[in-house]
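Next come two complexes, and both contain chain A; in the first it sits with chain B, in the second with chain C.
Take a look at the complex of A and B:
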């Protein structure tokens, strides 16, 4: 019985990694392709194993596209979005959770309701608004419509609600106001949540396609996900270069994920409410 | 008197705390939402004024073949993705959950990695893998179906292929949710059942499945809403073709607004999509609340 169990376990583990190998294959294949010359990529002899380490495609991409501008735009807009969303969400959640003011319940109702509304359905009128404000092809135009992330407020509120009331009293006795409470007590107590929400917001903003695609038309103002589709149009079917630009575009977040794997895993679990 | 000024001061502080969110919300969310409803009753172009046309846009929708095709394709896509991705994610989560230590971290990283890729990276890789002439998967397709298939140019293959790419891309998120759910199940349940001599299958059916159901329901509804909003992959892989066989609602919004300059009509379509998704979200919220009470 136990040896049967052992065999079963072995088979399951091997099966798991066979499935994992299949799952990672597209990325492996993109890498192999990107390291070959364009001729080699489409030749009959090119097998599934790595056989060439030719960085020509990467060099070509770095020289002949706006990749560096796209990096700067992506990092710049994603950082500003993340910071603004987390700070404004934290402040709003604190007020809803800890203070009494008229309209508090309505405000939280609006936050919950907007959580259920697809922002994609608003792109037409958001575009008209940004166009009226003269913000098409600017960072502000990319950033503004991405600043509403209701889940940040919802998660913060839950965690602020759970902070024991005694924590407040010491600060209040010393004459500290709500800003002191928020930044000296509630924020330090919830650093884990802040990192988690920051990570989730950053990944979302970095990968956003539809809105930046609509809000930007000039090539050097594009973000990474939009920019790399331009390489397609410029090169046609030069797959070594297409794969190298795709991998270069994916690299920063992929590396960050591999370094902070545990944090990201936790962040996804917390922000979707399955782990508190 | 002091109470009153204190109260007034607290209100001012509260107002300053909520102001950044409330003002941004009013500008980029509430105002566009109101404008969307307003525009859907006009014949305005994307930029510029139009005339009030009442319910014309909505009656036109009912007889617009492309809209009906899009609606149908949205439904088809939901069918092709929601249950398969939930099932696959559950299997993968079960497989990963029995591993320990660095083996578990490695397997999890591999299955989660695609989720953090930008959509255009995903579509470029799969376009290359499925290239009719040189794609590495064409021999596999030829082996099973007798000949190579230009998957994105074939009306029967196109939606299942986009669905497969979508599952590969987004599945890692669901795997994580299931793993979190599995970790929440107390170990003693399994130990008790094993003492009674339960088999692996019995353990799954009697312990795992019922206790995991709230997470399964969460994944199903989240996926439902997510997949109804599909645009990126379709636009990048097929642009709605061939013969409109992969046209979906959000793609139609995009085409009407930004290519045909029909701001009013596009708004009407967007409003319908908005209502459909909001309805599903309310349903999801109710389900989750019901799940939480249990």
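Take a look at the complex of A and C:
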């Protein structure tokens, strides 16, 4: 029995370690490439181990690209998207779950259906719409189509459905309205869900590529993922520089993830409670 | 009663306004645009133009074929991998679990554009580390971007790498909701670990795995970043062109909005149909 347990333990540890090494390798590779000189990157001798600690690529891209503007655009748009998605989603879910009004069931059906439609199927008409509204190359243009995240509504609705009715009745008896109920009573209760949804929404917004890529054409209006593709164009194939931009661009979300790892995991997990 | 309705609509208003403008209206208007000739100014009603073209367009069938190939190979491989990852991560015997979870989830955090750049570098035919490793084993180097089959394999590997960890976390949530005494009873009855997995774990995980499949189907139907960024806009010669990429090419390279709208509708309809089929068969068998 103990030897079997040892074997199980061995398979588990070796297997997980090998898979994790494989999964982390591209990041490791990006890092050691960013620290090499461009000549070294494309040479035959460049091996698997780090051999140079040359910050030239980092210095070069900080001076010669719009990285700072891209940071500002990414932070600004991602923060606004996160805040709006969470607040509007929570309010909508509250109404669907706690209030009675004509069209309630149909509305929730539409929310569930919108979850199944790939967002990319909408980009053509969204682009025409943005163009007509004159919002190409603006933050509003980047933000607006990203505000529709049906999962947030579905998760919140399940939370509100599960809150005991007595709680609502007690607040109403004390003269509290729906505003008090949602923001003073339920929000503190679901703070865990709110931060988890907020962090995952932020990460997804930060990494969004296709829509900002379509909505922005001037370089200083770009977000980081769109900017990275410009580095490629501007420098040809200078990989050390490309890797350093990629790593610097991922840094803020990577740090946020490391701090809130539990919350992010929780967010992914609660979204799976969603049933179609 | 009236007042209550008004309050309810006030709570709904922020989301509904955005939803109506940037989701509902685009869905309706792309339906209308798909019946128009958008290559003349002003656009003209031409009911069969775009849909007629779609039915006979070899580029559409190529993209549909590529997308379905990815769907049929990549999704099962990734879900299987994710399930194994989740079972490992869930084992109390495993040490340093947060570290492993970080490794598996890192691709989602880093983002598609950054990691696409790394993949292009790693798989470069001349100086890429993958070909160097292949060389040391004594095999001949693979031209990942010039060979259609190799390029497709690369896209499948890249997508799997990006999403396996995410799905593993979802499946992990499912595993953690299975009460431990089920396994204790099985162990007392001398049921082996592997048998436990196939006879207890998998059946209980079914709804969660189904959810992962639906997510992956929706993702694959709109797959864009990997073939666009890693294999040179669907190259070589359209070998990795997906429906998402064809939509982009028609809409934003050829600026043929009418035809792109017809493609968009096809993508959406396929995604919804396959998702519903999955859910339906999942329920039936339960």
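The rule we apply is simple: the second predicted complex is superposed on the first by the 266 of 276 C-alpha atoms of A that agree within 3 Å, B and C clash if a C-alpha of one lies under 4 Å from a C-alpha of the other, contacts with A are read in each partner's own complex, and residues count from 1 in each chain.
The rule is short, and it goes like this: contacts are C-beta pairs under 8 Å (C-beta built on N, C-alpha and C of every residue); 3 or more make two chains touch, one makes a residue touch a chain.
The structure displayed is predicted, hence computed values, not measured ones.
J.: Using the overlay on chain A, decide if chain B and chain C clash or can fit next to each other.
T.: clash
J.: Quick one: classify A:141 as touching chain B (first), chain C (second), both or neither.
T.: After superposition on chain A, A:141 lies in contact with neither partner.
J.: Looking at A:129, would you say it contacts chain B, chain C, both, or neither? Reply first, second, both or neither.
T.: A:129: touches chain B and chain C.
J.: Name the contact category of A:212: first (chain B only), second (chain C only), both, or neither.
T.: It touches nothing on chain B or chain C.
J.: Based on the superposed arrangement, let me know which partner A:198 touches: chain B (first), chain C (second), both, or neither?
T.: neither
J.: Identify the overlap between the chain B-contacting and the chain C-contacting residues of chain A.
T.: Residues 8-9, 12-13, 15-17, 19-20, 23-24, 26-27, 29-30, 33, 41-42, 48, 84, 87-89, 91-92, 94-96, 99-102, 107, 114, 116-129, 144-145, 147-148, 153, 177-178, 182, 203, 206-207, 209-210, 214, 225-226, 228-229, 232, 239, 242-243, 246-247, 249-250, 253-254, 257-258, 261, 264-265, 268-269, 272-275, which sit in both footprints.
J.: With touch defined as at the start, can you tell me which chain A residues reach chain B in the complex?
T.: Within the complex, chain A touches chain B at residues 8-9, 12-13, 15-17, 19-20, 23-24, 26-27, 29-30, 33, 41-42, 48, 84, 87-89, 91-92, 94-96, 99-102, 107, 110, 112, 114-129, 131, 144-145, 147-148, 153, 177-179, 182, 203, 206-207, 209-210, 214, 224-226, 228-229, 232, 237, 239, 242-243, 245-247, 249-250, 253-254, 257-258, 261, 264-265, 268-269, 272-275.
J.: Spell out the residues on chain A that touch chain C in their complex, using ranges where they run on.
T.: Checking each residue of chain A against chain C gives 5, 8-9, 12-13, 15-17, 19-21, 23-24, 26-27, 29-30, 33, 41-44, 46-48, 84, 87-89, 91-92, 94-96, 99-102, 107, 113-114, 116-129, 144-145, 147-148, 153, 177-178, 182, 203, 206-207, 209-210, 214, 225-226, 228-229, 232, 239, 242-243, 246-247, 249-250, 253-254, 257-258, 261, 264-265, 268-276.
J.: Where on chain B is chain A touching in the complex?
T.: Result: residues 10-11, 13-15, 17-18, 20-22, 24-25, 27-29, 31-33, 35-36, 39, 46-47, 92, 95-96, 98-99, 103, 105-114, 116-121, 124-126, 128-129, 131, 133-134, 136, 168, 173, 176-177, 180-181, 183-184, 200, 215, 218, 222, 225, 228-229, 231-232, 236, 250, 253-254, 257-258, 263, 266-267, 270-271, 273-274, 277-278, 281-282, 284-285, 288 of chain B touch chain A.
J.: Residues of chain C touching chain A in their complex?
T.: Touching chain A: residues 4-5, 7-9, 11-12, 14-16, 18-19, 21-23, 25-27, 29-30, 33, 84-85, 88-89, 91, 93-95, 98-115, 117-119, 121-122, 126-127, 129, 132-133, 161, 164-166, 169-170, 172-174, 193, 207-208, 211-212, 214, 218-219, 221-222, 224-225, 229, 244, 247-248, 251-252, 257, 260-261, 264-265, 267-268, 271-272, 275-276, 279 of chain C.
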